[in-house]
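Below is one structure, written out as structure tokens; comments come after it.
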Amino acid sequence: MTWNRYGATPQDGDLVQLVGLRHKHFLITLKTGGEFQTHRGVIKHDDLIGKPWGSQVFSHNGSPFFILQPSFSDLLKYTPRATQIMYPKDIGFILLSMGIGVGSTVLEAGTGSGSLTAAFANAVGDEGKVFSYDVKEATQKIAIKNLEKLGLAQRVSFKVRDIEEGFDESNVDAVFLDVPNPFDYLRQVRAAMKTGGFFGTLLPTYNQVATLINALRQADFGFIDVCEIFLRYFKAEPQRLRPTDRMVAHTGFLIFARPMIIDHSILEGAEIIAAGASADDDDDNQPPY
Amino acid sequence: MTWNRYGATPQDGDLVQLVGLRHKHFLITLKTGGEFQTHRGVIKHDDLIGKPWGSQVFSHNGSPFFILQPSFSDLLKYTPRATQIMYPKDIGFILLSMGIGVGSTVLEAGTGSGSLTAAFANAVGDEGKVFSYDVKEATQKIAIKNLEKLGLAQRVSFKVRDIEEGFDESNVDAVFLDVPNPFDYLRQVRAAMKTGGFFGTLLPTYNQVATLINALRQADFGFIDVCEIFLRYFKAEPQRLRPTDRMVAHTGFLIFARPMIIDHSILEGAEIIAAGASADDDDDNQPPY
Amino acid sequence: MTWNRYGATPQDGDLVQLVGLRHKHFLITLKTGGEFQTHRGVIKHDDLIGKPWGSQVFSHNGSPFFILQPSFSDLLKYTPRATQIMYPKDIGFILLSMGIGVGSTVLEAGTGSGSLTAAFANAVGDEGKVFSYDVKEATQKIAIKNLEKLGLAQRVSFKVRDIEEGFDESNVDAVFLDVPNPFDYLRQVRAAMKTGGFFGTLLPTYNQVATLINALRQADFGFIDVCEIFLRYFKAEPQRLRPTDRMVAHTGFLIFARPMIIDHSILEGAEIIAAGASADDDDDNQPPY
Amino acid sequence: MTWNRYGATPQDGDLVQLVGLRHKHFLITLKTGGEFQTHRGVIKHDDLIGKPWGSQVFSHNGSPFFILQPSFSDLLKYTPRATQIMYPKDIGFILLSMGIGVGSTVLEAGTGSGSLTAAFANAVGDEGKVFSYDVKEATQKIAIKNLEKLGLAQRVSFKVRDIEEGFDESNVDAVFLDVPNPFDYLRQVRAAMKTGGFFGTLLPTYNQVATLINALRQADFGFIDVCEIFLRYFKAEPQRLRPTDRMVAHTGFLIFARPMIIDHSILEGAEIIAAGASADDDDDNQPPY
């Protein structure tokens, strides 16, 4: 079953979340007769199955836990992984900015930890399709296992390949490259996607961003947007409400662009495709977008 | 058809985006024989139908436009609306944090501009369901029209009601309140949703946040998270790469919580449900999440 | 001598900074014949005196150090302290916003770690004066010692007192309260300062800020400004230029206000004193201030 | 007189601030018998002289104004200027990070609008000295006039020169370059300043920052710090406390460095001078600095 199709109570086969003391989170798949071992004691799966969601259970030695359905953010945080993950703050914005929804076809490289793969597979539904490339088979295997656990693997075609050799697909709706040098593969990207489609990437350094913008322009990509997202948490104390002391300062810069069809002999209005969303942002006469 | 199911070229019935000079964006539904009037001239729909996505077209007096599929962010920005919209930076994070995916059941109030309604309907697919309440019929009618335009209306049940009276549903996966006083409706919210499910809201002021946290605790909600998201754009000039001069400083604070089943007579480990995601954020021994 | 009056080379009596491996910083006062013991070996003060600033020295066992004049930020960071310090990002803004310069008279409570005391004493010069109150004598003693080390103590009058009892001064130019409940002392503050003068405070929680704004209005303070300052560092790698991974998310909210003389019987233009600097900030027709 | 040496009431010769309706600020120098013309009527200087600070006055046609001493931030904001100003959020941090205090010698180029010149002159007192170079005489003249108005001009030596030709000074404590290409003048900078002294600059783009870091390293500057400062205002409404809707997203990146004496033949511990303050920031074992 898919990770978010839960019944009225936890059932055999459900991927559930247990939260114990010291804010420890565990993701486990329930199995009749199974046992979950923690350093705070043993919990029998049968004691969880049929228990109301959100209720408290105790391990054999009395340590308390709560049972919850995981959110997608929880899955990203608490799933074992081989590489750096993407953050929910970035993933959510990527999905909306790249027009990804039920029925979309999405290509990504590399597969990495599979966090973005899972987000895409989750969003496109059974009507859509995700194609995920990685040059490292071992890394991709971990991601496949994670996707299977979430019930999302059947929506993804995994391929082990150096993307320098190009992609098998054409006319996909959206392409996301999570590689250090996306600027080296724009020809392959264009060949795989619809013109006018959605291209995206996340890069940690300014140098990469500057190189990519240049390459995008030369490859006739337009509507280039560069942005970054900050997420700040608060201490949820109503009498002493204040932000947390520290926060993540940087995950990466998000870059989005669209492969355009440009007749360079008659190009008028070049500033149209040059303008990304930031054009709005500096225009103080616009609604505050 | 649904907004994001596009063929290889624009077709009759497609909701498309035209972008003209001075970064003007227009959303139009293509109709054989139709015409689109702008202050920069007239464009015949027939000149757009079958044209490659991402290519340039000209109005009758030679003003240039590009034709694109809209992203969901574009839909949010350029759809007419009666009330304040939600921002993509917030919506994307809401979807991931509230476990919303294909097959989810989601309840929201108020409908407002329908921007969040559309995001929920987009995410839950045909297998899921959205229930959207608003006290103002006139406002909701505009939202319904927008959802119809996106091909998402059939996934939503719209209801006109003062939510003080409660909701018809029970056992929904997630509830989002976009009202100024969510703290007044937590009893109704609990009655409508699964225990352990996902509750969320967005509030502009600290005073509302503090009041809500108190009310959530009294109503046995746990895992309360409060956060805010900043989005900063950059000027995409590779030789002069820099952030834009101004940005949105505040849209609202996001609050998430889970309705728990708490046996107050035996409660041990109360700090478990007291801890939200910010607990991670201040713990510098954790991976930098 | 004062901390920032250095000659061409380090001299006996100078407060200097040594920076060793693993980014360890040490502040020491040079003394002919003295020795500085670190866990990386011993350095003779005589080997530092007369050495060019910015040059490399070695401890007796060969561990490298650089000798530098400290900046004021360095003093704040590396001075031993009893309580939470103020951050340079906040202090610099406080000085400029409260009109503090050579010749100013400034009153503060509490003394705390003395970091703000030092900043005020540094700014007002010998022509100015700082009055610093604290209820805890032990805490203040540490601050006094630190100020003496910086050569700034003679510009400060330290007093041990519960400020509920009021201040000895009148007509001071600026008052800064670094206490959790500044709203309880506004009467005493007004009595000590010039009308129209500069009042400031830093508070960690929103609840305190809201309470203070109410109290300030009732006490006829106007031009109330509330703000917060974020400081983000970058990894200074020219080929991989990017922000650091984590940052301080919150130190406190800065609040500034001016004690006004208001004739409530004829008050016209009440919105004048109601408007703080944020009035500019939301006015997009203004220069981007 | 100096801008911040005010008596108990406004006097002839004082630089004062009038704040009228719609948050309009005016800086005027009081003169017995003088008149101040606004589009809201005329105010006689004699009606202001001797009036309590912070009190309300009315123009001849009844429009209300409040009379205040300006803060340094007010001076920066409301002084006429030829070029882009520096922001208080940046200036305050520059002063603290560059060790500038009473008695310091500071060199800057270009003079620009004189906002930073004024801040330096204000901080160094009569015992210190500021040297300010600009290639444009006309620009510098405006700055000189502004400094005279503030009573700070006698602390500054203004010079019209292309700094490619070098500076007259040597052994200054601190050098700040506010030019687009500081990397081209590091030889001249080193010649003018103490080894181990404080170098600073503000640059708007990442490209400039990367170029500068490279040049600084080649010129044996160490302890390179790169950072940026955000300032967010709040609406000071105690019942509806919230940030303003929009804010400044970017003024520039601040870069600080120290000219070191490095014996490249014996350099050990190169990582010492490579580490700037951001080294602290990423080290989560440190106090949260």
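As written, the chain order gives the labels A, B, C and D, with residue 1 at the start of each chain.
Here is the rule we go by: a residue touches a chain if its C-beta (ideal position, glycine included) is under 8 Å from a C-beta of that chain, and two chains touch if they have at least 3 such contacts.
Every value quoted in this text rests on a predicted model; they were computed, and no experiment measured them.
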Interface residue overlap between copies subunit B and subunit C, same or different (over half shared): same
Rotation, 0 to 180 degrees and nearest 5, that superposes subunit C on copy subunit D via CA atoms: 180
Between subunit A and subunit B, centroid-to-centroid distance (C-alpha), Å: 17
Centroid distance [mean C-alpha coordinates] between subunit D and subunit A, Å: 43
Multi-partner residues of subunit D (at least 2 other chains): 206-207, 210, 232-233, 239, 241, 244-249, 281, 284, 288
Chain contact topology (line, ring, star, complete or other): complete
Residues of subunit C defined as touching subunit D within the complex: 2-6, 8, 19-21, 23, 52-56, 58, 62-74, 76-77, 87-89, 91-104, 119, 122-123, 125-127, 171, 173, 194-198, 206, 209-211, 213-214, 217, 222-239, 241, 244-248, 253, 258-263, 267-269, 271-273, 275-284, 288-289
Footprint of subunit B on subunit C - complex, ascending: 206-207, 210, 245-246, 249, 281, 284, 288
Of all residues in subunit B, those that touch subunit D in their complex: 204-207, 232-233, 239-250, 284-285
